[in-house]
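We just call them A, B, C and D in the order they show up, numbering each chain from 1.
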Amino acid sequence: MCGVVGVYCEDRELTPTLVYYALYALQHRGQESAGIAVYSDGVRVYKGMGLVTEVFRENVLSKLKGKIAIGHVRYSTTGESKSENAQPILVRSKVGEIAIGHNGNLVNYSQLREILENEGKVFATTSDTEVIAQLLSNFLMKHDLYESLSLLTEKLLGSYTITALINDTLLAYRDPLGFRPLCIGEGDFGYVIASESCALDTLELNKIRDIKPGEAVIIRNGDLEVVRIARAKRCARCVFEYIYFARPDSVIDGVTVYEARYKMGRNLARESAVECDIVSPVPDSGTTCAIGYSAESKIPYIEALIKNRYVGRTFIMPEQRLRELSVRIKMNVVKKNIEGKRVTLVDDSIVRGTTSRKIVEIVRSAGAKEVHFRVGSPPIISPCYFGIDMSTREELIASCGDLEYVRRAISADTLAYLSLKGLIKSVGFGEDELCLACLTGIYPVCVPGELCDNAKYELNY
Amino acid sequence: MCGVVGVYCEDRELTPTLVYYALYALQHRGQESAGIAVYSDGVRVYKGMGLVTEVFRENVLSKLKGKIAIGHVRYSTTGESKSENAQPILVRSKVGEIAIGHNGNLVNYSQLREILENEGKVFATTSDTEVIAQLLSNFLMKHDLYESLSLLTEKLLGSYTITALINDTLLAYRDPLGFRPLCIGEGDFGYVIASESCALDTLELNKIRDIKPGEAVIIRNGDLEVVRIARAKRCARCVFEYIYFARPDSVIDGVTVYEARYKMGRNLARESAVECDIVSPVPDSGTTCAIGYSAESKIPYIEALIKNRYVGRTFIMPEQRLRELSVRIKMNVVKKNIEGKRVTLVDDSIVRGTTSRKIVEIVRSAGAKEVHFRVGSPPIISPCYFGIDMSTREELIASCGDLEYVRRAISADTLAYLSLKGLIKSVGFGEDELCLACLTGIYPVCVPGELCDNAKYELNY
Amino acid sequence: MCGVVGVYCEDRELTPTLVYYALYALQHRGQESAGIAVYSDGVRVYKGMGLVTEVFRENVLSKLKGKIAIGHVRYSTTGESKSENAQPILVRSKVGEIAIGHNGNLVNYSQLREILENEGKVFATTSDTEVIAQLLSNFLMKHDLYESLSLLTEKLLGSYTITALINDTLLAYRDPLGFRPLCIGEGDFGYVIASESCALDTLELNKIRDIKPGEAVIIRNGDLEVVRIARAKRCARCVFEYIYFARPDSVIDGVTVYEARYKMGRNLARESAVECDIVSPVPDSGTTCAIGYSAESKIPYIEALIKNRYVGRTFIMPEQRLRELSVRIKMNVVKKNIEGKRVTLVDDSIVRGTTSRKIVEIVRSAGAKEVHFRVGSPPIISPCYFGIDMSTREELIASCGDLEYVRRAISADTLAYLSLKGLIKSVGFGEDELCLACLTGIYPVCVPGELCDNAKYELNY
Amino acid sequence: MCGVVGVYCEDRELTPTLVYYALYALQHRGQESAGIAVYSDGVRVYKGMGLVTEVFRENVLSKLKGKIAIGHVRYSTTGESKSENAQPILVRSKVGEIAIGHNGNLVNYSQLREILENEGKVFATTSDTEVIAQLLSNFLMKHDLYESLSLLTEKLLGSYTITALINDTLLAYRDPLGFRPLCIGEGDFGYVIASESCALDTLELNKIRDIKPGEAVIIRNGDLEVVRIARAKRCARCVFEYIYFARPDSVIDGVTVYEARYKMGRNLARESAVECDIVSPVPDSGTTCAIGYSAESKIPYIEALIKNRYVGRTFIMPEQRLRELSVRIKMNVVKKNIEGKRVTLVDDSIVRGTTSRKIVEIVRSAGAKEVHFRVGSPPIISPCYFGIDMSTREELIASCGDLEYVRRAISADTLAYLSLKGLIKSVGFGEDELCLACLTGIYPVCVPGELCDNAKYELNY
């Protein structure tokens, strides 16, 4: 996962600060690296490993003045985190300088790269973003920006929400299936485009609207243009944005994330509430869902677990002798709330099950009479190829056995997931408007070796 | 505020890691600096500005081996944060090396320092901790440790929970009025002493007990000794530990902080609930109180405000043009939960009122029909001289006017505080077992210019 | 200017250390950035801004294991120093991974880049090294390494001494005119290639020999092959390597740099010695020349100027009020050696003349009766296009006026340069074996707008 | 060894810059740590590990404004380099704030510290500077500054050149035996005091004069006062300042260091020149001496060895397999100047002899027919207790055997030292004006276990 930002601001001194605060609001979408590219006579990029506040100190921002800029926060999806993969990525070519920040993942990256390499193209990174940049650069040599985006859309398979600087033009584009969110707001000073509306709220912008799947926003010389590049037969909004990834205060395609999660909790309680003394979230991911569950089930909402607010990236791993403490260091029990009680724990999802098992254990050892586990989404049975790092199928506990298998693995007294139907109802979109691949195993675009429901799209230009 | 730790561990390689994780669990008690002192042939101190995880990287810890060690996290109580004031503070003298970590504040610091200076004593810092260290060193020249602690207790006025290394002896001491918490746990490897029990839970220790006001713990050659140094006529546990400062999962002197806060919420609702559509906490400080309030009032608990989880120390202040955003950057509304609703916001306390006012404003501007403000503690009318940085009396909004004055200042539709009686009932201690000075203006020790209820203590040695 | 290194070492743990020490010996060739690329399963590059000792700390080196590696130190030739221009530069393509370190400058960089851009090629940097890498990659798609080097040689105009990793092959190549030096040494563990022999001496290697202009060294699977790629009708060894740039202990193409400089001093004295009390070098650049001058003229060698040995990159510029001190901070006089004396100052060359003027001034103000300036090379009248940063023609003081003009500008009593003939005799190569363009204005390859003596070369493969 | 600076400057913004450049000129006196203390409303200290340019970046200096300031560079005399020992050291007491920078070493440190500890005094460091600060503070409680300095002088045994801030008073004091140098210069803006005159030259100050042994300079409210605190029967200027430590461009007590070294070379040649082809210095320490030697002996001065100019503190030690390279990495031969030649190497002194042996070896292995070693000072046979780190007696090679023993140890063909008489003549002071203890074993103050020529001093106040 990643977060992208684009800013057009009349006041060139203010621009980098706007990008900075927007990225800061999107920090949850990526903590590995952060970067800003700005245009002013030419494109300059500053990026580094770490949080937005670590990478950008005051004197850095003051050197990044210009009317248009993009920003990016990156989540390490693959093992090693490399500084060369930090974004935005800048390429220079016949058409000038192109800087791109990308949220998503190309399914046909290897094929595209091979084709380009066969043409003699050379790459500086191993990132799919560079493939997008090279393709766009190529198309722009012979075509205008609209045609180039259409041609690009024909080539790319997968999810790609991007913001880009093409010399002095600001571009934002959301892929036709709309996997990842993107929205735009307007202020006195100009426009801000961001992955989530919470970034626009932070800057107190109004007239916010979502950028639709297949839509591009182009800002040139202060003029904003919204163009529909492609129209697909279906949409594929990532349902996990609603379940886990997005901030609860964001509104994505008209749906408030908090409300969706609250309804997941209510529907979960309707489907499978169990008699109990307290309902507690697994913090922080299960909080909103647990509040909804409590509201529907009338079981008191009381926190059994408290998370250390300072848990972060730079943690030293416990020594061998203390290895079993790792969950304890992040999360502690409130013994008084648990002792002698029947406890229902609510989390948003279960991926590998290892953390869930440890949490059930520490709650039980704190004196719970019963520990029930409720999950605000259906079992995850298939990997994601569109940008969420969910490990391989073998590591997904729900793809290894049935409900009883998982219940035993996490040693809960009872276990229940929200049904797919319940989830869809909670989010409020139709099945053909969401990507549910990780829950159903059916993918909205062709992925080699997987079942597909390949909904091609028409291009309009 | 600060947090202190003391460790005795048979395995000298494990000691620094135990201090590290204990400090990590106490990070909320101080984010300005962190330090560890360890004894092994001599006392070595490593300390620095920043979070525990920033100051201690793996290779630093590996150089701090030894069977006994202390640790400290510091909260900047005064304006400028200086690296020379980081703790533990190490002094060298006739009696050897003494390293001290201190949580609290001496009321008679200036007088003690003057006396020592008149004797020709010289200081390296401006910290009251160095005064404690010098006095202790002086007493130890002529007396044993027990007598020295008694003599020290006679001299010191104010709050002082300390852990110390006196050469190869580990000392922990809680002042006779017991302002600040201190507890001890036992594990296979030895003992851990910490400001709050959450640190002991993190290390999965058992046989945890509070160190009583006036009690000292002395560990020499692996032998633990608990000595009652002084017995006061009353206690003065800081009520703000329960209201705001301590982690909710800690148990202080037998009272679970979560439970106290939950009861504050319930009692607050009993005293002054107002009809409403939703109850929302001001995150994170008002969360537990709001849950209790909702439970008692039966008004649905729904979050109106979402905090950016990455808000931290190293934030760049917004530019002048964006200055009004400062609360927005930390906290955003969930519009859907607010629009057209009557909202009750619950916070733990109001200090200056400036943040409360901004929060009421953004909730109202998000479409709330009514905004009611409920506070889980009585009005703060007097400054704290015992270690909590609460500014001067003039800055305390509740000392500047009555309820209506404050209500108008924060522009809420209604405002109510928890009564003192309700607070006391929630915490469960008697009035003469708590320090309520900031709420009543009556101080448990003599503070020049303030009303005092000076409860002297007997020394026992 | 830059320095390059290539290492083949049987002991893969030793390789990075060998590159490190070789780069360290070449530090004088570039202080802006340093980098190492190593092959082991794939090519990894580590580079950064600063000195070799600043960029490479012990734990970095230990992560760069492998049998073959290259290294680079870079001198900032253009205004802004950018981290993206640090070398080695790594490109990925159909033929795999190519990392290149380059010493030199392409005259036809813009044309080559335009051609590649017209083919749709995309660049990550603005460096001519990336053009070399892309061309080489292109040729390797259809040709073997020998042919590719020939084709590359046909395309490139200018100076280019490179070391490269082409997947698991180590390549070193010196351009057919041999502008920049390159040599190879053998040890028990394998081979080391470096810009100057001082790097090989540091590692106590034997069987050292120069790599000839047009020669390539290829090491594959431990087998070393030396191939003559091209044979030019003339050579163009940069005479400034002998005058100033190379370390005096290096031997370049059989000529010891120290000896060449010493002879420049002798010949300078023969041509234009003036009666005087002492001969002093302008440290450090004029030292060897001044020693030779003193030996020939029999005038005592005594240092009038002492350089601060700690002058380096990270110097804070003096405040406005102290700006005139800038030379004083770097260099001080030994008043006793100057007072009442007739002083001859010897420097290797004069570029802009500003430093020379300040030095004459401080020597005169220290009490010198006369200050004579002698220069170990002829006047610099034309810019360098082959890698030495010598500013534009307008900034070269000798291109703005005659001898008397320069003498007055630097306010010396007398001024004399070494004659071109004297220089050539000192170095010992024929005129058609050296590049003397900066002294004569006649360039060994075609440079637009300059007089050329274009000596094309035959390719042999 | 260390370097000290004191500045009084009317322009409070300029002060820190003046200290910075003065320290920069004294960098050779200490590379381990650097620090500046400035008075403005109170004393602030900024110090850190590393070179002056590393510790002080521009934004640090701008925070250190004030009319008076002191500075310090420190050389690690003992094994471990600790940041707590960085100077200036700041103490706070009844008399206010005292910051001291100290160059020297107290012989009776342990006794003084014990006395103070017995009085109940407490220390923050293990540095003798803190003892000076505490004593000074104590005296100032009952006496004026003049009397306090006299009392201090009575107590201190050893070498102590200090600059200090006593609140808003600037003090510089040179001990009565004058071990370490100290001088003062005047500029438009005020005064600068520094260990060596080269620092004053750098700032282009005039009216420079030495501060005499036993003299104090006191600057209060812009008024400068020079007071003679004590008058000793003899002086004890460290002869090693002239031999090795000071910069050659400094003038110490009227003697130009360059001239002294040059004469050492001349006298050495007179005493023991050997027929030879070239004379070469061991760089950089032997350079001036070798120039004098060459001038006297008429043997050509030619450099056989070239030092890597970038050798510094942060060097990674060679791996085990490359350990024997360590001298090679710092210094390389110019083979051409050596091959088949009879070479005389001149160095300033021999301490342990290990480096000398390696240098003789690499010169011989470069083809020298003969290698003669000449030393610009007599054999070092006794340790220094006054601030120069010369290891223990056992490590001093000349205290382990006679001339022939040392010659064989360093494997030279012949070896000669300068005679004591020759040294004294070169420096130009009488025997009772210098400290020659390391060469004679007779110490100018009482050192337990050593022969003493204890010249007590009278105090004048």
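In this section, a residue touches a chain if its C-beta (ideal position, glycine included) is under 8 Å from a C-beta of that chain, and two chains touch if they have at least 3 such contacts.
In this text the structure is predicted, and so the values were computed from the model without any measurement.
Visitor: Using mean Cα positions as chain centres, tell me which chain lies farthest from chain D.
Guide: Greatest centre separation from chain D goes to chain A.
Visitor: When I count C-beta pairs in contact, which pair ends up with more: C-D or A-C?
Guide: Per the contact counts, C-D leads.
Visitor: Give, as an integer number of Å, the spacing between the C-alpha centres of chain C and chain B.
Guide: Here chain B and chain C have centroids separated by 62 Å.
Visitor: What is the distance in Å between the mean C-alpha positions of chain A and chain C?
Guide: Between these chains, centre-to-centre, one finds 50 Å.
Visitor: So the centre of each chain is just the mean of its C-alpha atoms; given that, what is the distance between chain C and chain D in Å?
Guide: That pair's centroid distance is 36 Å.
Visitor: Using the touch rule from the top of the page, what residues of chain C touch 2 or more other chains?
Guide: Residue numbers touching two or more other chains: none in chain C.
Visitor: Going by the touch rule set out above, what shape does the chain contact graph take here: line, ring, star, complete or other?
Guide: Contact pattern: a closed ring, each chain touching exactly two others.
Visitor: If we use the touch criterion from the header, which chain pairs count as touching?
Guide: Final set of chain pairs in contact is A-B, A-C, B-D, C-D.
Visitor: Which residues of chain C touch chain D once you look at their complex with the stated criterion?
Guide: It comes out as residues 11, 14, 17-18, 20-21, 24-25, 27-28, 31, 51-54, 56-58, 61, 198, 201-204, 247-249, 251, 256, 258-259, 262, 284, 287-288, 291, 294-295, 300-303, 306, 308-310, 312, 314-316, 318-319, 321-322, 324-325, 328-329, 332-337.
Visitor: State the interface residues of chain B toward chain D in the complex, per the touch definition above.
Guide: 90-94, 117-126, 133-134, 137-138, 141
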